[in-house]
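You will see chain A twice below: alongside chain B first, and alongside chain C after that.
Moving on to the complex of A and B:
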């Protein structure tokens, strides 16, 4: 099976984030971008499928600025066979539809029986790219997926945990699947594979090629207006109590009189 | 000008070690410290990821890293738990004599199968009668046909209760001191090996340490490393390689103490303000930061010297000694900054002080490091 996995570099969880001076975006300086969250689970899923289907290959694809290269190398260190960087516009872009169009254009020349991604990116959590890529490729798309397995040469089974229960699905290939996070305990890369990944080739589709293919002006169609950090949280209030009844009574009084959440 | 920036490769190795340290080691550090549990599941996972046989070339199944890369990794591991790190890097110490003194045949015979699976090895130099005076060791190697018979006792042997391979230093003639010592490869299941009980230690309690007694252990001649007089030199050259990572281990402990202290000083209030606003605390933090920074740079420099083909004896001695002294001082100040809470086992800093202490003692005590430093220094003048 030819498995493509779409990945996006996102800020490391411990990063200290700041807004750019114009307040319209995230200041990338000093932030470490990594393969993490839903995408890490997607790579793990791709590798599990590859291991269960001999002869399969995993091709990691990332759209955006030069930092994509590090994320692709992380995927190679984990076990991806090939990697393609689809270069974004020089001024940067947060436009998910542009990302989907560029990725779908690149996938015209990349064999794909199955396209995996996180159900959403771990940073902006928009969740638009997988569905939009499927639409542009004219193939079905499924989101919120866990436990994906092959069911023969042309199909898949998977689960979709929803608030009402767990759905069991069968789907035809090719299709696009957006995966849930952390249900499959993503593996870590081994040091010798990290060293090998540094020397692996990364295919590049440059921005002029993409913009020509899409007949695009180099202009994203959505731009950030204002980027700010949430207000710092104020301290929690600890309730002192001796019995559960006393705790409940004090809590209800606080909710009613101070927080005013109900009359 | 020297260049202090790390390559992308070095950064990705460090990141991998950091991830392992923070997700696998740190959550279990306090529990293993309290109960003196040897967390085999963590050591197995470290082996799987290639964090264990860092210095063994890839052709024998190791990770084949240079000294600087080893230091970057060891500092990250020690940041999470000094004791686990001691057990994880003990293989590097135990296998280095084979790398330095082994023939091509010995290396592939002993290293390949060893590295192909999870195994622990121990370096057996120290004896109950003395560690610093290694030339005076008393474990005997007696010639027996084409081989040798070992008898004697080693003590404080890291991973001793679990090792499946030992590198052992023994004397053919104690009166010859350093010239009488030979080095041997001894499989863990050789008849006559008696392992002592796991020692109850002040720190590094996730590591295990025991005596190893050799009661007439027969070793074929093919398991001797180098010539009959080469053992002492192999031991000293081994320590020249492994001292620098101990500097990195100490630096990791010190960095953890500094991070805990800086964070706590921004939360804890006294006299109506956070204690970080008291100048006395700021000066402590500044001194701690200076010590951590200097420890790291000395360690990096020693590693750089070794990676550039220098023996590194002087540099690694200075780095190990300085970094371990710094670690104890910084951990001590961390407890002071935490006040009474620092003295409590529920807070993380008193463990750092207990763990830091060992780095002044093992792999050559700091008194011995100062002797080495002075000797190397005076040689340049004499």
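Moving on to the complex of A and C:
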């Protein structure tokens, strides 16, 4: 199976977030961008499928600024066979539909039976890319997927937890899957593989090529205007009590009268 | 501007879902007195009946069985309705279904798109502004969506549900031939329904009561469930609990579980590891109960109780039942 996995560098979970001086976006300076969250699960799942289906290959693809390269190397160190960086516009863009258009254009010449991505990116949490890529490629797509299994050369089965319950699906290949959870927690890369990945070739699709292919669609239509951090939570109001009954009574009163969230 | 705002409506058991009623409320506000509200649904006659009292002028209806309602099929039908209604904005409820359709619909219909919106405002003839939490609620962003067409999925519970008004919409039946042939081979084989009577699901709940390792043993977890039941809340858990097998992974809140943003989140015996916090920090009010006054959970909580959950929970459940007029049990 030819598996493409779409990944995006996102700030490490512990990063201190702050806005750029113009207040429009996240300040990337001083932030470490990594392969993490649902995308990391997608890579893990791609590798598990490859291991269970001899002859399969995993191709990691990332759209955006130059920092994508490092994230692609992380995927190679974990076991991806090839990597492609689809360069974003020089002025930057975090429009997920534009990202999907650029990725889909690049995938026209990349063999793909299964295109895997995280159900949403861990930073902007849009969840738009998998479905948008599928629409552009003209193939089915499924988000919020868990327990993804191959059912022979041309199909998949998976579960999907929804508000109504857990759905079980059968789907044909090729298709796009937005993954909620892999079978396993993501593996860690081994040191020799990390070292080797530093020298691995990374294919590049430059922005002029993409921009030409997208023509009028090469302009972002979702544009960050303000990036705001909440006033830091000042810490909890601690409720003093002598007995459990007093604790319960005081908490319920605060929830009713002050927070107004009591049902 | 007098826009038409189209809502992709979901119904279940003959009633509109909460997120759909939220979307209708937002659509009415955006359309204003001069614009109009339209709707599209895949749920056939029963969904149409559920929709009519909410006052859409026009409804586009398809009858797509849930077994075949892939995002690609739904996006094709919804885009067709969006074209015919000459909508400027399509709104979707913040459900798995709604969010899954958003990206496809945006491409199919040629629109700018955003998900998880907590505010939506028309800023100009071809510009809509949305506010949305990012980074698991650690920050929010305001985005400009530019162009004549916009698709927005809302964040659940961020808006009030519309009340039924009245109306007899003009009904258009959608032609299923617009569904691409490639969608035909995918099939939903079964649905394992959320346990009936088990209260609201995590993503629907306005209150979540979550237990952690501090509950000490699986045998004590019923104390969490009893409090949840008294509040009409859903039950969540930390990863320590799901890893130990006290509850299945579907209960897990956090980075590798579900993200929730209820009105009230009660964290019991949960230390407040960052991987848990990212899944609940955007809740409106957070209560923490923990024996350790220095537990990090108290930094993100609004109200804190330092004490033993095993003694506080039964008292709290009794108090809630008393105040809500429920029989003691």
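As a convention for this text, the second predicted complex is superposed on the first by the 243 of 263 C-alpha atoms of A that agree within 3 Å, B and C clash if a C-alpha of one lies under 4 Å from a C-alpha of the other, contacts with A are read in each partner's own complex, and residues count from 1 in each chain.
Criterion: a residue touches a chain if its C-beta (ideal position, glycine included) is under 8 Å from a C-beta of that chain, and two chains touch if they have at least 3 such contacts.
None of these values were measured; they are calculated from a predicted model.
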### Message
After superposing on the shared chain, does chain C or chain B touch more chain A residues?
### Response
C
### Task
Considering only the touch criterion stated at the top, classify A:17 as touching first (chain B), second (chain C), both, or neither.
second
### Task
Figure out whether A:70 sits in contact with chain B (first) or chain C (second), or with both, or with neither.
first
### Query
Where does A:225 make contact in the superposed view: on chain B (first), on chain C (second), on both, or on neither?
second
### Task
Could you tell me if A:172 is touching chain B, chain C, both of them or neither one (first, second, both, neither)?
second
### Task
Please indicate which partner A:191 is in contact with in the superposed arrangement: first for chain B, second for chain C, both, or neither.
first
### Interface residues of chain A shared between complexes with chain B and chain C
none
### Message
Looking at the complex, which residues from chain B come into contact with chain A?
### Response
8-9, 12-13, 15-16, 19-20, 48-51, 54, 58, 63-65
#### Entry: Of all residues in chain A, those that touch chain B in their complex
34, 70, 73-74, 77, 188-192, 194-195, 197-198
### Task
Report the residues of chain A in contact with chain C in the complex, numbered from low to high.
11, 13-14, 17, 25-26, 37, 41, 95-97, 100-101, 120, 122-136, 138-144, 157, 160-172, 175, 178, 181, 185, 221-230, 233, 235-239, 241, 243-245, 247-249, 251-252, 254-256, 259, 261-263
### Message
For a test of understanding, state which residues of chain C touch chain A in their complex under the given definition.
### Response
12, 17, 70-72, 75, 95-97, 99-104, 106-108, 112-116, 129, 132-136, 138-147, 180, 182-183, 185-194, 201, 203-204, 206-207, 231-232, 249-250, 255-256, 263-264, 274-275, 278, 284-288, 293, 298-307, 311-312, 314-316, 318-320, 323-324
